[in-house]
Structure formats: structure tokens, C-alpha cells
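One structure is given here, and the rest of the page talks about it.
Letters A, B, C, D, E and F mark the chains as written, and numbering starts fresh at 1 in each.
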Amino acid sequence: MTYQPGQTGIVVQTIERADQAVIDGLAECGVATVHEAQGRKGLLASYVNPVYSGARVAGSAVTVLAAPCDNWMIHVGVEQIQEGDIMVVGVITPSDAGFFGDLLATSLMARGCRGLVIDGGVRDVKDLTEMGFPVWSKAVHAQGTIKETLGSVNVPVICAEAHVNPGDVIVADDDGVCVVRREEAAEVLEKARAREANEESKRERFRAGELGLDIYGMREKLAAKGLKYV
Amino acid sequence: MTYQPGQTGIVVQTIERADQAVIDGLAECGVATVHEAQGRKGLLASYVNPVYSGARVAGSAVTVLAAPCDNWMIHVGVEQIQEGDIMVVGVITPSDAGFFGDLLATSLMARGCRGLVIDGGVRDVKDLTEMGFPVWSKAVHAQGTIKETLGSVNVPVICAEAHVNPGDVIVADDDGVCVVRREEAAEVLEKARAREANEESKRERFRAGELGLDIYGMREKLAAKGLKYV
Amino acid sequence: MTYQPGQTGIVVQTIERADQAVIDGLAECGVATVHEAQGRKGLLASYVNPVYSGARVAGSAVTVLAAPCDNWMIHVGVEQIQEGDIMVVGVITPSDAGFFGDLLATSLMARGCRGLVIDGGVRDVKDLTEMGFPVWSKAVHAQGTIKETLGSVNVPVICAEAHVNPGDVIVADDDGVCVVRREEAAEVLEKARAREANEESKRERFRAGELGLDIYGMREKLAAKGLKYV
Amino acid sequence: MTYQPGQTGIVVQTIERADQAVIDGLAECGVATVHEAQGRKGLLASYVNPVYSGARVAGSAVTVLAAPCDNWMIHVGVEQIQEGDIMVVGVITPSDAGFFGDLLATSLMARGCRGLVIDGGVRDVKDLTEMGFPVWSKAVHAQGTIKETLGSVNVPVICAEAHVNPGDVIVADDDGVCVVRREEAAEVLEKARAREANEESKRERFRAGELGLDIYGMREKLAAKGLKYV
Amino acid sequence: MTYQPGQTGIVVQTIERADQAVIDGLAECGVATVHEAQGRKGLLASYVNPVYSGARVAGSAVTVLAAPCDNWMIHVGVEQIQEGDIMVVGVITPSDAGFFGDLLATSLMARGCRGLVIDGGVRDVKDLTEMGFPVWSKAVHAQGTIKETLGSVNVPVICAEAHVNPGDVIVADDDGVCVVRREEAAEVLEKARAREANEESKRERFRAGELGLDIYGMREKLAAKGLKYV
Amino acid sequence: MTYQPGQTGIVVQTIERADQAVIDGLAECGVATVHEAQGRKGLLASYVNPVYSGARVAGSAVTVLAAPCDNWMIHVGVEQIQEGDIMVVGVITPSDAGFFGDLLATSLMARGCRGLVIDGGVRDVKDLTEMGFPVWSKAVHAQGTIKETLGSVNVPVICAEAHVNPGDVIVADDDGVCVVRREEAAEVLEKARAREANEESKRERFRAGELGLDIYGMREKLAAKGLKYV
């Protein structure tokens, strides 16, 4: 019973987006790093999984609020997609039906959309995989949907237990999906880059056989807490 | 991973509430009727269950946004409670720990609070039952919590997959929990009352042995759809 | 995705029922004993739970095949109920919506129906409890349903993973729900009675402090399997 | 507690099968299309998943009713397999044990079997993947099974909440599993082909950048329902 | 797949127990307080629930390691029960079958057993409730069990994800089940008593309307963390 | 609430390991065969899944007992790893957080560790896959962890419902994870080899089209149980 924050029956045609270079930078950093860089917030529920492994994307959220078992508003949302966007679909009441398949993926790819995150089910996953259109969904389900009930496009939505505003930056990979508030995207990227640089130097030391105990100087704190070697 | 809409670190001290007579009327109608009267929206996820059976309450939402395994903000929220309120606790990341027990219930009762709805766990449920303080929770769990991390009070929260604003009306009974937007409360009550009146007359006819098929005049529509009696 | 065995769009008006005395006898024996007596078969999935504790009933199954979120066929089914029946509702695709509430319960009680078993949700559970109409359901949910799609009445249905024919005997109590094939009901009752008699004599011995080890003569077999007392 | 429709202790040696060309055609169409073409019915529960991605098969159901944790009847069923069949295993009470592994797969492949659908667990999945024998199962589990209790072969079974008759056509791919009644297979194929042709033409238009809003002429209906662009 | 620490085929006839006065004291304190008093450890998984509400007991653990769907060792364990014990049943592989019903409860009551905690299912719950024999179980299920496979009695077991030694003290109430190591029982009781005394004085202050913010002196720490009142 | 058998705050630096040739032999046999060879015991809960498909490893368990959401003890455990070990992480209370990522994997690989089994979540799974470091985990989750609370290294742990001693042999592949007691490893390998030899000869016969009914001589026993061919 996802009781959504926004109104139904509305399509917002103009949204602000973050700087594309910032978005692309966040994609390079990936979900785990971005999530850390923004203070460990913004993860969607881990029940949203990639349809196939290996993709890593970021984009501006074009949000769709859909009725259960009804993909009508996804069609409405496609028109609002710009090159570099990611469609984020929240659902008014939970539904695992197959809202999305290869035809809609074809349509989104034609508009430069980078992926889909949906708090519901998808189908034609063999085709989606072959097309290389990345999708994070709650379920894979062949069950069809209808086109009867209005929702909205580009209003705030709850998707996989996270609050997503239109224009927020979505980062998604095999670890899951993370949302970054649009206003914070540049600062988060900066922190994520710093984190990456720091991790890279550590990775070298780990590879050379150094221990985290020494790299992070943990031995004293462990001893102070009372850890005993026997 | 409930990524909440609001900011942390804030206590809003003044919120608007619906008219108390309206709230009391909604309590009388109960969750199923109120939910129907407002167009079948506003239900919290059905994983939130009453700790004991038989209670039916309504009140103005004082919202608390709590960190996982941390009930500090509940203490902060108590101070904002007025006679007739219901505390609604959203959690930043999902947690089944026991955020709430008999001491906090004593404190809330002392302030005239009518109940608690929490997207987490509670404990001391034997005491809560004996005290008659109604609680709807995601879990019963003895696991204790800490008091370390700030959240907020009286900001919008996601609780059990529903978006709740401070001052919205919460209705709760054995069927679950429903939220009514404050601005819509009076109108929803009017519709709920009409619905009740209508149901009462039908209840008499059902009791006398009349069939829904006849009361609702369904036979023709069923035949038109092709239903066959064999 | 319960893909049902029967056809939709049909109401079978004449079904055979087991002898009422047999049915009443099975009610006295209860679910666990009946299930044992018929060779440990016939249990419905344990996700079907009583709405309130303490009821123990049996009756002839009047089966309803309903569309998801649609309680239209329940109204159609009410007309087929006779004194002593139990309504069993299977659903075409899984749905936790609230198919059934106090008005339908009033109607069923007026016709002498002894209870409801439903592979879906119910609501008004406070009322159902006060009315004393026993219900076994998959969920409690206030979410309303519609009246749009045909199903059937008195065709074989899958309910809670069990295959139920119209006229089969349903036994239900706090342990769950068991179905007995109509043709086997008399024989199952006989075996259940024998089992009860046997258990009663054992109960006395247990009460007097005798051990199952001795009553059932288990010590030798345990020793033979190699059990060691240390 | 899957209480099955059929009798145990029986092997039906002669079953009718659909025309092989029809079956092969249904395989080409895939689960989502076939499911749509037959009026959105026949899907098995989505908890049955492919052991590896990318397979798409169809075949005539040879049904096996197995006791929990007991794969004896699968051995019995192998003998009834003909070139082009798919084995469908229902279980008398739910069990996630590993009923099936590489030896049985070798045996089925030797008889021309196209795949396995099982309402239970399988093991040796690394081998199954390397052998290219497609399996849809409820679980992957190394736990072994026994050979003690009779079930049946080629009786109607409940598998993953769906009722499957021997000789029904099973279609399975990454979207899940769908059953088509044998008598309806030819007609369903015809409709599925028509659907595919229609989708292919739409796919081209989507690829060229046309919107679903225009292809399906949705704009008027959306406006009539009150959708507002802001 | 609970892979147990101990050996099968053994009955340990002599175990040490904690002082009965200490055990009785722990019962008075209840699960939440005891769990806190011993440093928030020892809770069993919260999937173990009371069959009926309102009981609060403590006793020395007589442990039983049972095979799945097999209650033979429970009969063996009964003989090891002394006045004031609680039987704790771990299962070698997970099983929701109904291991325990009214006959075994009669036998345990005859020996002065105070309750049962079982990582499996029970049945005859209407009888158990009427007899007043408290049971905490993973499931309620009518499905019968067999008597074929050896387990052990009074070896360490894993029950509901917790490691329980024979003679450990089990405390159980509506909040769940907690295990206290036998050697620590007296000290835990002392701390639990201190905690209770402290809580009682706070309860009075809460009842009088004082706030936790003041009782616990939280305001400064909250301000230091940056909490803002607006 | 995994209540662990061991003490916290301890690192055991010397553990016994099984013979490396035995361990390597067990790896070749794989989980299903090893599990059978040791009498169908030792499987971890099937909720522990490989992060990527196709790996098959065995090694000596270096056990880590970690606090929830805290990976500090994993760093401590790395130092105890020798060439050929597998790290096994139990968690004091259940946690799906991302305890482990590419940096720790780099560190473990540098020490010759063959894999990780963790009763919690991991992240950076795209990197883990590319590095070829095999991991079996309860969840994939980007959520970060802290370094605050002591656990232990090389004490007995409960991991995925199984009791694992330091130095036990862990076997893991796509079918799951199995633990073999160190003292029994050589004997289990012998039985597993015998089983493999037996299976290989059967595999040939299955491939040639022989039936299990004949290979295992099942026909008589089936007839004796009453199986009827119709």
C-alpha cells in the first residue's frame, strides 16, 4: 500500500536536471561509493535487482507514478524523457505485474534513456538483456498490465521505499540503486572522487599484502577495546 | 532502506490539526469505511499490525523520523504530543528492534496520546495490552535500542510505505491503519457517514435474508457478462 | 498466479453433500485428528489463518472462484449456500485485497453458513469477531474490491494450494483447515473416532505421569537404533 | 500443503499431445506473448525460476506427482517421456529439497526431453548449466531426496499454483513458465502469431522515435480522464 | 539447514541447573528486562511466537535435538524433565510440521514442565490454550510427524538461531524468548532487579507527566548534536 | 538474533587444518556429492548464494564472529588467513549490510584466500566478479558498515544456521555451501570419491538411454508398493 506523496493526474513538463558531467562522474563512481560519499543515505530497498549483471549507469530521474497493474503512465512518461535520463516508476499500490517489456524499452532507447528503475515487475527479460537496456525491478513477471487509470509524471514518488524527486540523480549498478538529491550532486561527486582516490592507493597496498589492521592503524583501538590474541 | 523525504535534525513545534470532532467521527467509522470514503487510498502497508485486538482510534499525526535501532527522537516527539494525537514513527533504514515499551507508553498516555503507529518493533507487549495503550507495529521484538542519532519531529515521513504529513489524521483498528490528509478530513468524514448510513440499511436487508444479487441488482449485469447457471 | 482447474462463467446449482451427521462428527474431531485419520492429507497451506481464535467448524464446501480484487462471485455464491455449508473461495491470481467484510458475513449467517475459507484478504475483522462468524483467510486488509469479472461457483478450485471440489467436507479450527473428499467422509470419521478413543485412553495415562517411552513401547526400538544414555 | 487433485499410485502410459509444429511455434513466441494470446491466463507462480538464463522451450507436459523429499516418481516418469516433452513435477507437500541433478538430466536428455519444471529444488546446477539442460525450479538446494513413497505419473497436478494436465503445452523462458491447455494450443498459437506480427510493426515505429501515446492514440483518452500537463 | 553443534544418538541424563529462586526471579523480570540486563544478548529469533498471549515463564533448558518431521526425541526428552524445566527443541533441518500437541503437553505438565520452545510447528493449539501450557513455536501446523530417526537430549542445540546449552535458563513471554547462560544467571538477575527498580521510579515520573527529555537529561546532548526547534 | 556459541573479544591464532590434498579433493567433488558422502549433513541454509556462477572451491574455515553492521573483525580475521583458507563470517545479530567489498577481497586474495562465506551482505559485486574472488552471501547491499564493536576470530560460529568450527573444511559451489568437520574430512573424501566413481558409471548408462528404473532395479519395489500402470 504505497501511499504516495504527490497528486495523480498531472504531467510536469519542465524539470531541472543536474549537470550532465556530474551525472556521468557519478556513474563512474558506482552505487557503493556514491552512497558512502553522501553520508550513507539514498539507497533504494535492496529488493530492486538488476535484470542482468554488469551495467553501471547514472541519469536524471524522470518519475512516473503508476496505478497497480497499469502501465499507461509509463507511455506518458516516455515523452518527457531526454537524452541521459533514467525513468523511475513508483506504484500506487504494490504490484509485481509485468509493467514493462521490449517495446517500451525500444521506445526509451530511441529517446536516449539510460535505464529504468521500477517498483514493480518487468517481462521480456531475454530481449532486454539482448538489447542491452538496463533495468532494475522488483520482479520478473510475464503478467500483462492495462491502461485505465491516471497517475502522474514528474511528481515526487516513493520507489522501493525511497523518496525520489524528478531531476534527482539516479545511480545504479549490480549493488543496487542510489538516489542523489539534484542540489547535492556536484558536492557528492567531489566527495566520491576523493574517496575513490583514497581507495585506489589503499588497493595497491592491500594487493601488496599489507593488512587493513596496519593500513588503517586499527591495532591500538582493538587492544584498547580489550581484544585478546590467544 | 527507507529514504525519507524530509530533513533530519529538526523539530517542528507548531503543526495544524484537523477539527477534533471530525477526527472523533473518523474513529467511529473505522479504517475500512474511511478508506473507501476517500476513494480507496491512504492505507499503510498491511505489515503493520495491532499489538492487541479490539482497539479503534483516530488522532492527529505527530510524526517522528527515527534512526534505525535508535529511539531517541521518540523521546523528543513526546513533548510535541497534545491530547488526542497519535504518534507516527518512520525509520530511516528498516529496523525491527524494540523501539518502544511500557515506559514510553506511560509517558504518551500521560499526555493524552491515543496510540502509536511505528514502522519498526515494540516490546513489553504484555504491559501495553494491560495498560490499554493501542500500538500498531511492524514487529514485536525485545531487542533494545540506543539514543545516538538525530532524526526529526513533525516533518513528512514514510511509514509502512505511506507518506504521512504532520497533522494528517490517522485512523487505526484491527483492519490496519489509514491516513487522511488533514485538508480532506471533513469531506472524508461526510462521505464516510453517508456510506455508513447506506450500509446500515443494507445490513438489515442482509440479516433478513435478502441476497446481494438482489439488493445491488446484479443479476442482469451478470447475465450480460455471460454467467450461466447449470 | 493460481491457474485454476475449472472454467469461469458457470454456477453449478446442484451439488452433492456428505451426510450432515458425518460432517458434524468431523467438526468434533478437529483438524489435526481428521488430517491424521485420512492418512495425513488434505491440509490447506498454513498461510490461511483464523481471524479469531477458538472456533471449530465443519461444513460442505460451496466453492467460489473469484477474480483478483473482485468479490462479485462471492455474492453469486451466497445464493448457493445451504444450512451447514462453508464457503471456500479460490482466487484466479493471488490477491490480498479485502474481499469480504461484515455485510457479506451477515448475509452468509442469515443463510446458515458456518464459516468462510478464503485464499485472499478480509476486512471488518473487529465486526466478524463480535458477530462470531468464523473466517480463515490469507490476510487482513482493508483494501476494497470491485465487481467486474466473472468467475464460477461450485466448480473445483485451488484454495491455499489445495484442490477442493464442491461438496467436499471442510474442517477448520485454530490448527488450520483440512478438506475431506465427500466420498471418503464417512470412513474418515470412523477412523477419526477410533483415533480419538485411543488418544483419550492415552491422555489419562500421560496425565498420571506415564511416559510415551513406555506407553508406546519405544525403549527397545531406540536402543536398537543405538541411542545411548550417558 | 499442496493437496493434489489426482490419485497416487498410478502411471498413465498414454496421453494425447498437441501437434508438434504448434508446440514449436509456441516456443518461438515465448511466455509473455503466449500468456497474452490466451487471455492472460496460465502463468505458473513467479517463484519458479530458470536455473540459467537464455533458454526458451516448449513441450508436452509429462506430469509427475512426487512425495516431499522423494524423487522416486521422477525416475518412473522418465520412462513416459517422448522426444519433445517437458517434465512437470508437482509435489504433495511443499519441499525445497534437491529432487533433481545431473544424472536425471542426462537420462532425460537421452530421451529427447526439452526441459524440467519442478515445484521443488534441484542441485548440480553448475552441471545442468554446462549440459544445457533447461530447468525451472523453486529452489537450488544440495539436500538429497529418498525413494520411498508412491506418487503418480501423467495425472493432473498442481505445480507452482497452476493446474497442469498431462499433454498440456508448457512454454518456458526467462520470464517464467506458462501452461496452454492442449485443446487450445492451435488457437493460442494463431493469436500469438498475430500478436507478434502486430508487435513487430510497432517495434519499428518505436525504434524510429514514435511515441506510444501516438501509436496507440492515447492522448484523447488521457485528456478525457483529466490528465493535465503543467 | 540447521547444522547442529552436537552429536546425535545421545541422552545426557545429568545436567546442572541454576538455582530455582534465581530462575523464578528471572521469570518475574520478563524477556525485555533480562535481555537488557545481560547486555542485550541471548534473544532467540523473533520468528518464535507464543501460541497464546499472556504467559511469562522461566525454567532450566532440557534440550532436544530432533530430526525434521520426527518427534521421537521429544518423547525421550520428557523423561529428563524435572519440575521447573522448559523443553527447548532444535531441529536438524528446518521443519514446520506439527511436532507437538495436547498429548505431549499433558505428559510434560504431569512432570512439572513450565513450557516448550520449539524451532518447528505445533498443533492442537486450541487445547494447549485451554490447558494453559505455554508454547513458543515457529509455526502452527496440523501436519503429523513420525518416530524414525535418532537425535539427542541434553546436548547443545541451535534453536531459532540461538545456541542453547542444557541447563541454561530460558525466559519467555509475549516479547519472545531469551536464553541466559547458567553460570551467569545469578548475576543477570541482580542486574535485572536493579534495572526494574530504576524503571519503577521512572515509571512514576512518566505517569506524572515528566518527559524523558528531562528525566534522562537529554536536552543538552540533543542540542550539541545540532537539533533545531523551529 | 543469532545467539552465538562463543565468546567475543578473542583471536585464536593457531588452528588445526585438514590435509590440503584432502581439501582439494573435496573441492573437486563439489557440494552435492560431499553432502551425500557425509550422510546428508553439513549444508548451510540455502539463503546463502554465490555472487557469481561457476566457482567451486574448498578451504579451511577461518571463522569470524562480527557485530551487526560492523566489519571490524573481518580486518582482524584477514591476518589469520593462510594460503588455501576460506573466511566464514557469522554475525551476532542478523544484518544485510554490505560488510565486504573489493578492498577486502584484494586483501584476502593477496593472502591466498580461496573465498568468503558470510551470513550478511556484500557489495562491489561487479568488482568481485571481475576479480574472480568467489563469495557466498545472504544479500547484496551497498549499505556501509562501521568498525566499533569487538567480535572474535577462530571461535566456533553459527553461519547461515550451521555450526562451523575453525579448521572445518568448507566446500562451496553453485549448489550452496557445505561444512565438513576437520576430523572427518579424509573419510568423507574417500566416500565422496567412491560415490563419484559409482555415479560416473551410471552416467554412461543414462547417456546410453538406460532408465533409472532398470539401473537401480526399482520396478519390483514399485510394484510391491502397489504402483499401477494404466
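By our rule, contacts are C-beta pairs under 8 Å (C-beta built on N, C-alpha and C of every residue); 3 or more make two chains touch, one makes a residue touch a chain.
Just so it is clear, the structure is predicted and the values come from calculations on it, not from any experiment.
Colleague: Over half of the residue-numbered contact pairs in common: that is the test. Which of A-D, A-B or B-C passes it against E-F?
Modeller: Of the listed pairs A-D, A-B or B-C, the one copying the E-F interface is A-B.
Colleague: Contact counts by the stated rule: is the higher one at A-B or D-F?
Modeller: D-F
Colleague: Using CA atom averages as chain centres, what separation in Å is found between chain C and chain E?
Modeller: 32
Colleague: Round to the nearest whole Å and give the separation of the Cα centres of chain C and chain D.
Modeller: Centre-to-centre distance between chain C and chain D: 30 Å.
Colleague: Counting only residues that touch at least 2 other chains, which ones in chain F make the list?
Modeller: In chain F, 1, 43, 46, 143 touch at least two other chains.
Colleague: Spell out the residues on chain F that touch chain D in their complex, using ranges where they run on.
Modeller: 30-32, 35-36, 40, 43, 46, 53-54, 56, 173-176, 178, 199, 202-203, 206-213, 216, 218, 222, 225-230
Colleague: Going by the contact rule set out above, which residues of chain A touch chain D in the complex?
Modeller: Per the stated touch rule, the residues are 9-13, 52, 72, 75-76, 78-79, 96, 98, 101-104, 106-107, 110-111, 121, 123-126, 129, 139-144, 147, 150.
Colleague: Where on chain E is chain F touching in the complex?
Modeller: 1-5, 41-46, 92, 94, 156, 158, 160-164, 179
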